[in-house]
Amino acid sequence: MSEKSRMKKVSVFRKEHFNAAHRLHNPDLSDTENVKIFGKCNNANYHGHNYDLTVKLMGEVDATTGYVYDMKLLSDIIKENILDRFDHKNLNLDVKEFESLNPTAENIAITIYEILKSKIEPRYEIKIFLYETERNFVEYPAD
Amino acid sequence: MSEKSRMKKVSVFRKEHFNAAHRLHNPDLSDTENVKIFGKCNNANYHGHNYDLTVKLMGEVDATTGYVYDMKLLSDIIKENILDRFDHKNLNLDVKEFESLNPTAENIAITIYEILKSKIEPRYEIKIFLYETERNFVEYPAD
Amino acid sequence: MSEKSRMKKVSVFRKEHFNAAHRLHNPDLSDTENVKIFGKCNNANYHGHNYDLTVKLMGEVDATTGYVYDMKLLSDIIKENILDRFDHKNLNLDVKEFESLNPTAENIAITIYEILKSKIEPRYEIKIFLYETERNFVEYPAD
Amino acid sequence: MSEKSRMKKVSVFRKEHFNAAHRLHNPDLSDTENVKIFGKCNNANYHGHNYDLTVKLMGEVDATTGYVYDMKLLSDIIKENILDRFDHKNLNLDVKEFESLNPTAENIAITIYEILKSKIEPRYEIKIFLYETERNFVEYPAD
Amino acid sequence: MSEKSRMKKVSVFRKEHFNAAHRLHNPDLSDTENVKIFGKCNNANYHGHNYDLTVKLMGEVDATTGYVYDMKLLSDIIKENILDRFDHKNLNLDVKEFESLNPTAENIAITIYEILKSKIEPRYEIKIFLYETERNFVEYPAD
Amino acid sequence: MSEKSRMKKVSVFRKEHFNAAHRLHNPDLSDTENVKIFGKCNNANYHGHNYDLTVKLMGEVDATTGYVYDMKLLSDIIKENILDRFDHKNLNLDVKEFESLNPTAENIAITIYEILKSKIEPRYEIKIFLYETERNFVEYPAD
């Protein structure tokens, strides 16, 4: 196998998705303030989204495999730690990280980052892209 | 204006979308049966989707305008009768048509068809395409 | 070569695109009527679109090639007869078919159908799908 | 459960994909004829595609479930009978149906149709859409 | 509300679109030079595009709302300052910024950046992605 | 022509695609190790992909043209140096760069970068995005 790929930094991306209900609401604010800030997203009975999640992982290409990271393993880590806990769930009621954290796209992305960061070796930098709709999406950490 | 377009039947399509929570559940069945049939979609706390809705309308091209139908008007009819009632809602709890009808993609499509059919002149045939996810979608009426 | 594919009717689709300016306007109507009917699309200085064009061609699978039609040939016919005449053009000013025909999506689709129909052997049925935007598209002939 | 959905015919669609190598070649023709007909697709060392497969299934909505068909079951049938046999394979060398059948998009769609037709109850009509690329796709049976 | 999201920098993105006519032309050059440089894009009668515009805004997550920025407000700012002035317009003739500036994708992106930068508080960094077609797009400022 | 665009750094992107067969295999490893590492991608008869390739090029906007780079020229350089050599080919057997380099997405992206880097003036920074599937893609150089 050629040494060509040694020490080259490449980013690899894996796209997954989950479907969840949520409601944007801050219990420290009045009902009027919540409606003013969150509008339709404050609906007491929840609404939902097909969330598209892309995880970016940056590292060096391994000279033996030609991989930065085994994408099957990355997919499995996302599945076990994120999809199995978030997919077909109510984020406010079913996912403990959002018991006292408003499940905005920003906070969901930060939460996913922190969960995955703890499961992936620290030599890899990771970044989260979360699409709430085709027209609204977020990136964490920002650059 | 040319007579060229007179009496030609063309289908026009308008794509809209809404974000909603739902739960698949038949109260006439036991909890065990509901889980067996609906799996993750039976989650008591609901989950949600970005529904993509395409309405097809078939008719003759008007010789004066070159239009089958004013797409702004079609969009307004969809907005007033479907999006304003379904978007950012819990289909089971907030939309009266699903009080006793299971909000599967099939039943949502039939319901949207029936609502729009009553708002659009009968000389136009219509058809509903509803995407629950990129990989699961339905068409009503079937052909 | 197996006889398996003989006499099976398959539809094949080829997607192309072109970028054009247009204006919706009927000279037989007053300016006020034109604005009322066509709104922003009546802008005297034109606006434009990336048109996505899909041509469907239905026929029997040839037992020797396993093709309904040579897709390279279909692409070439579309290129020569449609793209070379419509792409990077002003439909109202540069394309003779629209000298006296309002270039609505409906009329563009009918025009493309008639041009291609005359270039393709009559044993093949064809159909045109024209996307003016991701959210507004038409099909001709309707079915 | 409402009777509303009884006897309504709805089409449901499931989208899957597989990645495969293939080569277009008819052993009954000369090498020159093969190159003339199939061009780059005749490359002796094969090339490949990400095939997008959509299966349409038409039937009546079941009044108890609100489903035409269990989409999880449809996905499993496609996975077991098509993906497990076609994905990450060389269609010409690894899939017995193409031992003597040229793996054009047309013939792959017909083959998938015949496999799935035998696995799904005859009261359901099915149809196959196969995308070889974003710009070339086929439908079988044609309508 | 948890303090968890305080001081985390997140980028949020909002996608909008507009349809416009334009022509690439530098009046300081000869007609021959203009054709040589701009090719089909120099057509005197204009052509057009569906421009997809994504605005990226980077900032800290607000601990009260869980938002970096109210996406409804961002959408309204884009609508009022860009879409209402560019959509269904001829960029060369109808938009004053391009009276003496060639409306290439690069210059349109820089212009949109400068307009929006002046409307959004300076503590937020912004970036513009402009798709002229699916295959040609630009980013400003570059990084 | 306005001086407005002088000295602004903009990134321009051009999207192309090619269809190729490949096999992931390291001859220095045992067959068992190859299957363990590369799984289905190790299939001895190859499989294939529709690769989507986006080339990013960063530079200053030219005050005369309003362009960073002539996109037609960029497309031609990609066509001549990448597509003509990779499209409808078997990467392992037909492309000399992969004679002793495993054609993972990472290594294909690095190879494309190095080829194009040598063809484009050094004052432009370039970056490669390569989609092996909609869900697996890579970026080189990483940032």
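Going by the order they are written in, the chains are A, B, C, D, E and F; count residues from 1 in each one.
Operating definition for what follows: a contact is a pair of C-beta atoms (placed from the backbone, for glycine too) under 8 Å apart; a residue touches a chain by one contact, two chains touch by 3 or more.
Owing to the predicted nature of the structure, the values given are computational and were not obtained by experimental measurement.
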Task: Touch-network distance, chain D to chain E, counted in steps - done: 2
- [ ] Look at all chain centres (mean of CA atoms) and spot the one farthest from the centre of chain B.
- [x] F
TODO: Same or different, please, for the chain B to chain C contact, judged on whether over half of the interface numbers appear on both copies.
DONE: different
- [ ] Go ahead and note the Å separation of the Cα centroids belonging to chain A and chain D.
- [x] 33
Open item on the list: Report the inter-centroid distance (CA atoms only) between chain A and chain B in whole Å.
Closed with: 30
TODO: Mark out which residues of chain F touch at least two other chains, giving numbers and ranges.
DONE: 134, 143
Task: Interchain contacts, given as pairs of chains that touch - done: A-B, A-E, A-F, B-C, B-D, C-D, C-E, D-F, E-F
Open item on the list: Considering only the defined contacts, which chain E positions touch chain F in the complex?
Closed with: 24, 26-29, 37-39, 100-107, 109-110, 134-143
- [ ] Please name which positions on chain D make contact with chain B in the complex.
- [x] 1-2, 4-5, 8-16, 56, 58, 61, 64-68, 70-72, 143
Task: For the chain A and chain B complex, residues of the former touching the latter - done: 17, 19-22, 40-41, 43, 45-50, 87-90, 93-94, 133-134
